[in-house]
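Dropping the structures in below, format is structure tokens.
There are two complexes below, and they share chain A, which is joined by chain B in the first and by chain C in the second.
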Partner chain A sequence: MSELRLNAVRKRFGNLEVLKAIDLTVANGEFVSLLGPSGCGKTTTLRCIAGFEFPADGQILFDGVDLTQTAPEKRDIGMVFQSYALFPHLTVQENLSFGLEMRNIPEPERKRRIADVLGMVQLVGFEERFPRELSGGQQQRVALARALVIEPSVLLLDEPLANLDAALRDDMRFFIRDLQQRVGITAIYVTHDQSEAIVMSDRIVVMFDGEIAQVGSPKEIHDRPISKRVAEFVGKSNFLKGKVESRRTDGAVMLAAEIGPIHATAPATTSAGDTVECLLRPESMRTGALDGLENQFPARVEDIIFLGNSVSVHLTIGGGHRILALLPADFLAVPGDEVHIGFSAANVWCLP
Partner chain B sequence: MSGAAPDARRAFLLVVPALALLVAFFVLPYFSIIIMSFREPATQGVHGGGFTLANYVSAVGDTFILRKLGETMLLGVGVTVITLLLGYPVAYHLARMRSRWNGLLYTFILAPLLVGLVVRTFGWMIILSNGGVANQALSWLGIIDDPLRLMNNYVGVTIALAHVLLPFLILPLLANIQAINPEVETAARSLGASRWRAFWRVTLPLSMPGIQAGAILVFVLSISAYVTPAMLGGGSGRTMSVLVVQYLVENFRWPAGAALAIILAVAAIVTVALFFALTHRVTRKLP
Partner chain C sequence: MRRDPGKLILNVFVIAVYIFLMAPIVLIVILSLNSGEFLLFPIEGVSLRWFGALWNSRQFMDAIGTSFQVAAISTFVSGIFGTLAAIYCIRFAHRMRGALRLFMMAPLLIPEILTAIALLFFMYQIGIGTRYSIGLQIGHIIVTFPYVFLNVSSALFNFDKSLEEASRSLGASPLMTFRRVTLPLIKPGVITGCLFAFIISFDIFNISLLLKGIGTTTLPVQLFDYLRWDFDPTAAAVSSLSIIMTLIAILIFDRFVGLRSLRF
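Up next, the complex of A and B:
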């Protein structure tokens, strides 16, 4: 187990600057996700940490030890791949044994550790199977077991769930998170799926174009994004334009918005007189009992899409502004109905 | 239920042309050679009236023939090993590297096949003869005083065969390595294997089917080659194939020549089977 630190790591492929001064600290036992669109440099960051790419500049420190130029096999990492990358010519047992043999661990201990880990991933009895004789989910768990059995100090996962079907993916999210917590291992998880990052991580690192846009807890990233781009990437968004009328020291602001006056929350950098754009998440909107909600508006229902456990509703408010709301599935209205919606000031976030 | 039989029949119809070709051009000639090898020799006509084992008995009892057989097998193994050592890195490179030089490399690999056999062999004669390019270059560099004997022995034959057979090793191997997920090597290294150990424990066993296919092609083609050993081998570099042709064409000893051909074929099959047995352990577990 250890702390991992990236100091101004840069990487280029030819003329393309893929990583532009990445700074990141991952605490011992922490689960950190790298989240970003395709091509933003997530895999490259992970490969630099693993030692398969060497940064042009900057340092990578494991527990304070500079391993920037060290070969991957000397780094004490465990890695899980999107393709699983199990050894097709070896059985499950032999796949797990590989890393232990590389570490010259004697046979009885190898056996014991493999049995332990297979228990953890619930694959006892599969020792003699070949990877091709396993389902995708089982292969994924073998890959996880193979990375964990060597008891690495850092676990690196590159979109490990991308090849699984939706239902299995949901299960595996919790499975991996739970396993990471039980083992207490430092984990870095690459994904471009925001909901995956949100449910699994202690902290999320949002990356765009080789740069870190924001680092924070899932809640911070979701509710208090630093830019419109982060807001849009992390979830469905409504943006409300307005002018700050007044501001209290605790960040509560009064806004003259296009849809009318609203109560909102702003970062310290925002002051009265600023023109701002605010984020209002569809899921923070309410109908029915609106007691205690600072912002209440009449709205007209435009259309409703049933999503199973909720409904996605397009509304027009404040004189023709379309806005999206995610409401409980018991929301009974039809297009054309007039309803009242409300949302709290805490849920209207003025983007800095 | 009723669909199975017509489907199977239709599928069978598809293989009929190939089967006919195989029988007409492969099985029948072999069959006639086998029969020929058991005929009695004759001076008036191709063979005598009866059947006999004498052709085999005298061939197996002839130390010259046995030595030639051994040398031919060794030549085959030698050419296979050389092409494997030269070809594996090339196949691996082509399979794994995204380089703009790949197209050029492909051309170089296939080039020997684009030039006619006789012309190519003449080229090697120019290079390998006593006063040839290779010896001139070596003596100019001061590496040798007297010319090396590169022709009229197995050295020249080995070099020329390795040159022309290299693509037969590289192409199946290339297809094989391309089909291996490159991430398994990455995974091996993340588990603590050095580059070399990752290759030895993961990539090499996974590429064994390609090695087998390429090696068998090269081996079979080199022991059955005729033009190259006939032109470059001279007297001491004569292979079994050259000997067989000599028997058939020059000496007109068809039954004895046929027996030599069959002995060569059996030796080749035994060698290939041995090779399979040796590599089987590795490939057994492959999908």
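Up next, the complex of A and C:
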């Protein structure tokens, strides 16, 4: 278990600057996701931490020890690869034993630790199978077990769920998170799937083009994004343009928006008179009982898409502005109906 | 059951190809069992007398011994250097990879007789000539080398590098990773390459003819010499023996790696 720190890590491939001064601290036992679109440098960051790439500049510190130029085998990491990278010529038992043998751990203890870890990943009885004799999900759990059995100080995962089907992916999210919590290991998880990052992480690092755009808890990233780009990347969004009329010290603001006057929340940098764009998440809109919601508008239903556990509704409000709402599945209306919608001031976030 | 005419034609075609390929082999084996004096079909009776004659022929037994020795040394040397060359070429030669690959494969592309002539000149230039079989041995290594190189290259080319990274992440040094992960996984390529090297070396004619040392000869050359003067079934017996030895080599190979691992 340990704390991991990246100090102004830079990396270039030829003329392409892939990482531009990445600063990041991951606390002991924390689960941090690197989230960003394809090609933004997530894998490169992880590979620098693992020691498969060496940064041109900057330091990587494990518990304060500078390991920037240290070979991967001397870093005490466990890594789970997108392709799993299980050794095809070795059985499950031998795959798990590999890292323990490299650490010269005596046979009885190896046996005990392998049995423990196989219990954790629910694969007892699969010891003698070869990787090709396992399903995708089982291979995934062996890969996880192989990385954990050596009890590394940091666990690195690069899109480990990308090759699984949707239902299994949902189960594995909770499985990995639960396992990480039980073991208490520091984990860095690379993904481009925002819902994965949101449900699994203690903190999310959003990256664009080799730079960190925002670091925060899933709730901060989701509800209080630092830019329109982050907001759009992290989930479905409605953007409302408006002018700040007045501002209270707690961040509550009164806005003259295109759709009419609304109550909103703004960061400290926003002051009265500013023109701002606000984020309103579709899932923060309500119909029916609107008591206590600062913002209430009449709206007309344009179309409804049934999603199973909810409905996605396009509405027009405030004289022709289309917005998207995600409502409970019991929302009964047909296109053309007039309804009332409401949302709280806390859910309207003025982008800085 | 409905018969598919396309499938029927395919089956007939496949059977025809097999007959075309197998007939000479079967014929040779039948001829070698002839009890008559001549290499003729149909045979007069069945006996093993020509295998006996082969066993008693100094020349043939010596030639078989030489061929085995040369093939074994060629396989060993080409096996090691071909594997190392392939590893260097695929893993470490970045800009020069294409050129290097072509260079390594040159012995396959240049007609064997040219290699033989060039090597013969070279051996005389350095004053050794054909006094020893050294030129012969070098020639066989040159020709068998590309087979190992090619087979190991393609094994390395399809190799998932994240396996090596996984090994490193588990604490294995680069050398340990090579020994425990890379080598076992490219082993089928190495063994296939060696099998090719052995069989090809056993079969080489031109180089052997020109470069054989004084007083030594390999099996194909001996067979050629023999057939010029004698036309009895000893030649067929030698061929049958070669076929049996090839089969044994393939069976041993199958035990080692399994032919199944060659499927893609």
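Here is the rule we go by: the second predicted complex is superposed on the first by the 352 of 352 C-alpha atoms of A that agree within 3 Å, B and C clash if a C-alpha of one lies under 4 Å from a C-alpha of the other, contacts with A are read in each partner's own complex, and residues count from 1 in each chain.
Note that contacts are C-beta pairs under 8 Å (C-beta built on N, C-alpha and C of every residue); 3 or more make two chains touch, one makes a residue touch a chain.
Quantities reported herein were computed from a predicted structural model and do not represent experimental measurements.
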Superposed partners chain B and chain C on chain A - clash or fit: clash
Touching partner for A:A50 - first (chain B), second (chain C), both, neither: both
Contacts of A:S135 with chain B and chain C, given as first, second, both or neither: neither
Partner chain(s) touched by A:Q69 [first = chain B, second = chain C, both, neither]: neither
Partner chain in contact with A:I77 - chain B first, chain C second, else both or neither: both
First, second, both or neither for A:Q181, with chain B first and chain C second: neither
First, second, both or neither for A:F87, with chain B first and chain C second: both
Chain B versus chain C as contact partner of A:Q122, first or second or both or neither: neither
Partner chain(s) touched by A:G99 [first = chain B, second = chain C, both, neither]: both
Chain B and chain C footprints on chain A, overlapping residues: 50, 52, 71-73, 77-79, 81, 83, 85-89, 98-99, 102-103, 146-147, 150, 156
Interfacial residue positions of chain A with respect to chain B in the complex: 50, 52, 71-73, 77-79, 81, 83, 85-91, 98-99, 102-103, 130, 132, 146-147, 150, 156
Touching residues on chain B, where the partner in the complex is chain A: 181, 183-184, 186-194, 197, 201-202, 205-206, 282, 285-287
Complex contacts: residues of chain A adjacent to chain C: 50-52, 71-73, 77-79, 81, 83, 85-89, 98-99, 102-103, 146-147, 150, 156
Chain C residues touching chain A - in the complex, by the definition given at the top: 160, 162-163, 165-173, 176, 180-181, 184-185
